[in-house]
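Next up: some structures, all given as structure tokens.
Here come two complexes built around subunit A, the first alongside subunit B, the second alongside subunit C.
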Partner chain A sequence: MATDAAGLGRGRAAAFVAPALLLIAAFLVFPALWTVYLGATDYQLTGLAAADPQVTGLDNVERALDEEEFTHSLGLTLQFVIGSAVLGQAVLGFAIAWLLRERGGALRRLVEGLVLLAWILPSSVVAFLWIALLDRDDGTLNSLLGTPGTAWLVEHPMASIIVFNIWRGTAFSMMLYAAALGTVSPTQLETARLAGASGWQQLRDVVFPAIRGHILTNLLLISLWTFNDFTPFLLTNGGPGDETEMIPVFIYKTAIFDGELGYGAALSVLMLLINLVIALVYVRLLRRRDRAPKRTAEVVKSP
Partner chain B sequence: MSPRRFLAVIGRYTLICLLLAFFSLPLLWLAFAPFDRAPGVAASLPSFTLDNFRELLDNENALRSLRNSLVLAAGTGAIVVTLAALAAYALSRVRLPGRDALLYALLLLSSIVTGTAAMVPLFNLAYELDLIDSQLGVILVLSGGLLPSAVFILKDFTDATPRSYEESARVFGASPLQIVRHIVVPLIRPGLATIAVWSVAQVWGNFLIPFLLLRSPEKSPAAVVMYTFYTEGGQPDLALISTFSLLYSLPVVAMFLFVSSRYGFRFHGGIKH
Partner chain C sequence: MSAIDLVRLSKVYPGGVTALDGVELAIADGEFFALLGPSGCGKTTLLRTIAGLEEATGGAVLIGGDDVTALPPGRRDVAMVFQDYALFPHMTVTDNIAYPLRIRQVGGAERRAKAAGTAGELGLDALLERRPAQLSGGQQQRVALARAMACHPRAFLLDEPLSNLDARMRLEARTFLKRLQRELRITCVFVTHDQAEALALADRVAGMEDGRVRQVGTPAEVFRRPANTFVASFIGSTPMNLLEGEVREGGRVAVGPAEVPGGPGAGALAPGDPVVYGVRPEYLTYAGEPTGGAFSGEVTVVENLGSAQLVTLDGESGSIQVVVDEDTEVAPGTAAWAVPRPDRVLLYRDGALVP
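Right after this comes the complex of A and B.
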């Protein structure tokens, strides 16, 4: 219950909230609305259309759907999200949490520490670490695998950045599933084990049903973050050619590099819509959970 | 131990070893190369030296970029903590109309309007406001993006603090502003510290916004300047890159350790992302 213990009063309370809301309105709400407007114009960074942009309605959207570059980019993004987040991070994160669940001590701290480190280091740093690791001439990976001269980022660019992103982001899933496994009733697991259930059967019949909510939360959040991730650009610049030019990089090159702001904005609207769908599902989930015992994972994202 | 169980144990340890290898392999270079007399891209035990650090401390470009990172992070951190604390306190204690809807709308918005999805209008907005190549512009844009989550988390903290101190202070005639400053702020200090560290870490590692809005290298933070170290073409200066990476990474790791040891690792979707 809100009780105004300090005697703030509504007037002062509104004054307290106003500065934060103003900043959010100016640099979050307004840009989102402006994207929608810009997306319906032929606005350019330079030239005639820069001085006097015309409203062209849905032309940009039609152009996107017609253009092979866009569908190509969308396909790559889908591969990236499904490969590195839904399959990679979620499965590996769960596997680590499951392997370490009854373990304490140094080994667990070591594994968790390394996984977390990959997650908290600045992206420019980890990007270079992977460039060094995958280097054609002296890269550590080539000397380990005995494959000298393999330029991983050129020959297998998508696979490389998918593995990179699994390495980069598994920590979140690992921690979320570790917390979730703590809520699974040990007696139920024990009963299943005594009844002769194999490891896989225990997972399927006891664990997964018990943590269904966590799994959904996890998949939604990591998909959203991976979809909006700009870090692959630091490894490959979208190349070679356009082989890793996913939607964020595609928008950057179209709007900022080539100066086609209107078209870039239309692509951004599409991104905002996809984000909106994912986030709406997630917020519904949170609200339903709020009536049940309080949960902790919240949307905290990078701008 | 039955043979089957024995195999299971072996399998488990093999998996753990593979995991350790996968997660440590890329990090080895960061641990060794800064101390190597002639670092290559391959991770190898160094012939130990601290010369690389001496060289880094003489490199004005590198140091300036770290200072720029500090300016951006401190500026954003100060704005986010102050404004979020004020808003969170008012929202927690006073029933403003539409409060809950507002909070959820903010939460929703902040996850949808990411820097990546909004780069076109943000670039435009900065252009119109004459904030291109201005550190203030970067600070404002980053603050706008971080504030919703900060308000949300801080309101949680404030909700959990008792109101009795505020009430008794009021009985003794303290003004509302005095109460906020002398009673509320100390009570929610762990929350403030968490938000401060979280926002500083976010800005410290952020690449896209400064990359988008800043033009001159003299104003760019470490995240962007470092990127130019290794994409300039030609031979990258590995001694510089490795030492710089280490120096640039340390504050984030230190802050992370500080928060998790001091306040426990509260799972707010983590300190990052």
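Right after this comes the complex of A and C.
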């Protein structure tokens, strides 16, 4: 006897959901569990361990935490996330959205168009353009600055890819903040202006509280994307040496070049855990209902 | 507390829309002044230009004799209460009220004491720790008023102060607002599209149309003697009957087949002059029997107003509305007559009142 609103009964309802569940199981759950399993083995790409991998438990994780390479690449990744996403994209994106908020017409479309272009171009094309820009001998930047012979990607590799990623990803923050600023009550801003509030005071007292939820959601998304971003590899190849070998690159090199699939899988699991921690921190911040207006708290209720 | 003077004030938006067209107004110190008009007449633009939220493209705004036309809103020393109250949702009532003081860098303890004092005057003592979302519409409006009062501005500017309240709250808030203004003796300018609100609250009313002030006067003046057909049609809870007519001998006016008394203005006109004949529905007497000097027609609509009924007569003179007291039986479809009260008849020539 069917007790549900649609009158399907348990069996038929399950049949409807089954294909979707199967796809999720096959392409999401199974690979994730398989990675966890691989991370607990000494599986190799070639050789004896490839044919007959042994379960080694938490050895891989211990090795990662002991090895300086992993902490080194974790440090670089944090630099990259904080420098290019949190400080770079979010701040620059907000600044552009704020400055353009009351402007219409050609200027706004031009700026938005240029910023968006940087975002939608394929990574391989963008990487090629930036290599040409930063080239030691015939690079555009060197001729613009009059600094011939400066090998930017060798002398300042982290700074170069941070600037690159700011350029590449600001569009998302800009668009999100532009939409968010549209929800800020104009009369609240005018009340602040009438009270004599400066530009900064208007931002602090009206704009930021009103778009707090948007800011945190944006930071969450761009932090995770930047953390997992692989594009800098196309510019620096993780080098020179290991100076830009951030976690995704480190895992790639470990698993594919060195063939240590088990160790690479363990690193991937660690990376997933770090992502989870980042996400949890932001969701915690968002859930602090008492400080956030209801509307923003509602949005993130279901992660 | 200060007088506000507007001198040939103009506002033309980029793109050529004229919102204000040479507005001249003198608002006295401590006056409760209404800007009344239909939407798009420029009344809100005028208020925002006084506040400094819009820049005038011509003319000057003087507050207390000082030319403030070039000053930013924060330095004009006026407070504005918006239609949606514009309370900061993340701040408590205390913090909202104290906000202007905080911007003026008044110390925390003094600020809270002043906010609590102002809140006390408006009966908000019990709500100081609440947030705006936890308040009713009427309470939110009081918080917005308290915030405006807290820094003792020279003038209050109110944008449609009552229109976000439900009908019952609106009457209560209206009385409250008028009492508050009397007690504070502060110059107060408010914008409304509701003529009843303007008549009830204001000391003087300015009727606006297309960016111009069409008449300024006390509520009694604009109600009894609207200076032009625009104000005549806008003021009054039931709109004035305005009918095309022609002056006849003996101070009478012909409106269609009816010949009715022309009122005080008829003497100034010559027979044959075309006029618009204006009489309020309240100043017409209903008759069920044929009567001389009356409009005749068939009763088509009867609207019950509670203590009275609004009856529409359709006849050869045009469509005429009459207020009939509640005891008179009026049946749609019957013939009826409406007798104008001669001393309340107004004649308009080319849109302007014949004095």
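What we mean here is this: the second predicted complex is superposed on the first by the 252 of 303 C-alpha atoms of A that agree within 3 Å, B and C clash if a C-alpha of one lies under 4 Å from a C-alpha of the other, contacts with A are read in each partner's own complex, and residues count from 1 in each chain.
As a working rule, a residue touches a chain if its C-beta (ideal position, glycine included) is under 8 Å from a C-beta of that chain, and two chains touch if they have at least 3 such contacts.
What you are looking at is a predicted structure, and each value in this text was computed from that prediction instead of being measured.
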More residues of subunit A are touched by which chain, subunit B or subunit C? B
One more residue to check, A:Gly149. First (subunit B), second (subunit C), both or neither? neither
Which of the two partners, first being subunit B and second being subunit C, lies in contact with A:Ala195: first, second, both, or neither? second
Based on the superposed arrangement, let me know which partner A:Gly105 touches: subunit B (first), subunit C (second), both, or neither? neither
Thinking of the overlay built on chain A, is A:Asp205 touched by subunit B (first), by subunit C (second), by both, or by neither? second
Under the stated touch criterion, which partner chain does A:Gly241 make contact with: subunit B (first), subunit C (second), both, or neither? neither
For A:Ser185, is the partner it touches subunit B (first), subunit C (second), both, or none of the two (neither)? second
Subunit B contacts subunit A in the complex at 12, 15-16, 19-20, 22-30, 40-43, 79, 83-84, 86-87, 89-96, 104, 106-125, 140-149, 151-153, 163-164, 166-167, 169-170, 176, 179-180, 183-184, 198, 201-202, 204-209, 212, 222-224, 226-227, 230-231, 241, 245, 248-249, 252-253, 256, 265-273
Any idea which subunit C residues touch subunit A in the complex? 51-53, 72-76, 78-80, 82-84, 86-90, 99-100, 103-104, 133, 147, 151
Subunit A residues within the subunit B interface of the complex: 2-10, 12-14, 16-17, 19-21, 23-24, 26-32, 34-35, 38, 95-96, 99, 107, 110-111, 114-133, 135, 137-141, 143-144, 167, 171-172, 175-176, 179, 221, 224-225, 228-231, 234, 237, 248, 251-252, 255-256, 261, 264-265, 268, 271-272, 275-276, 279-280, 282-283, 287, 296-303
Tell me, which parts of subunit A touch subunit C in their complex? 185, 187-188, 190-197, 201, 205-206, 209-210, 291-294
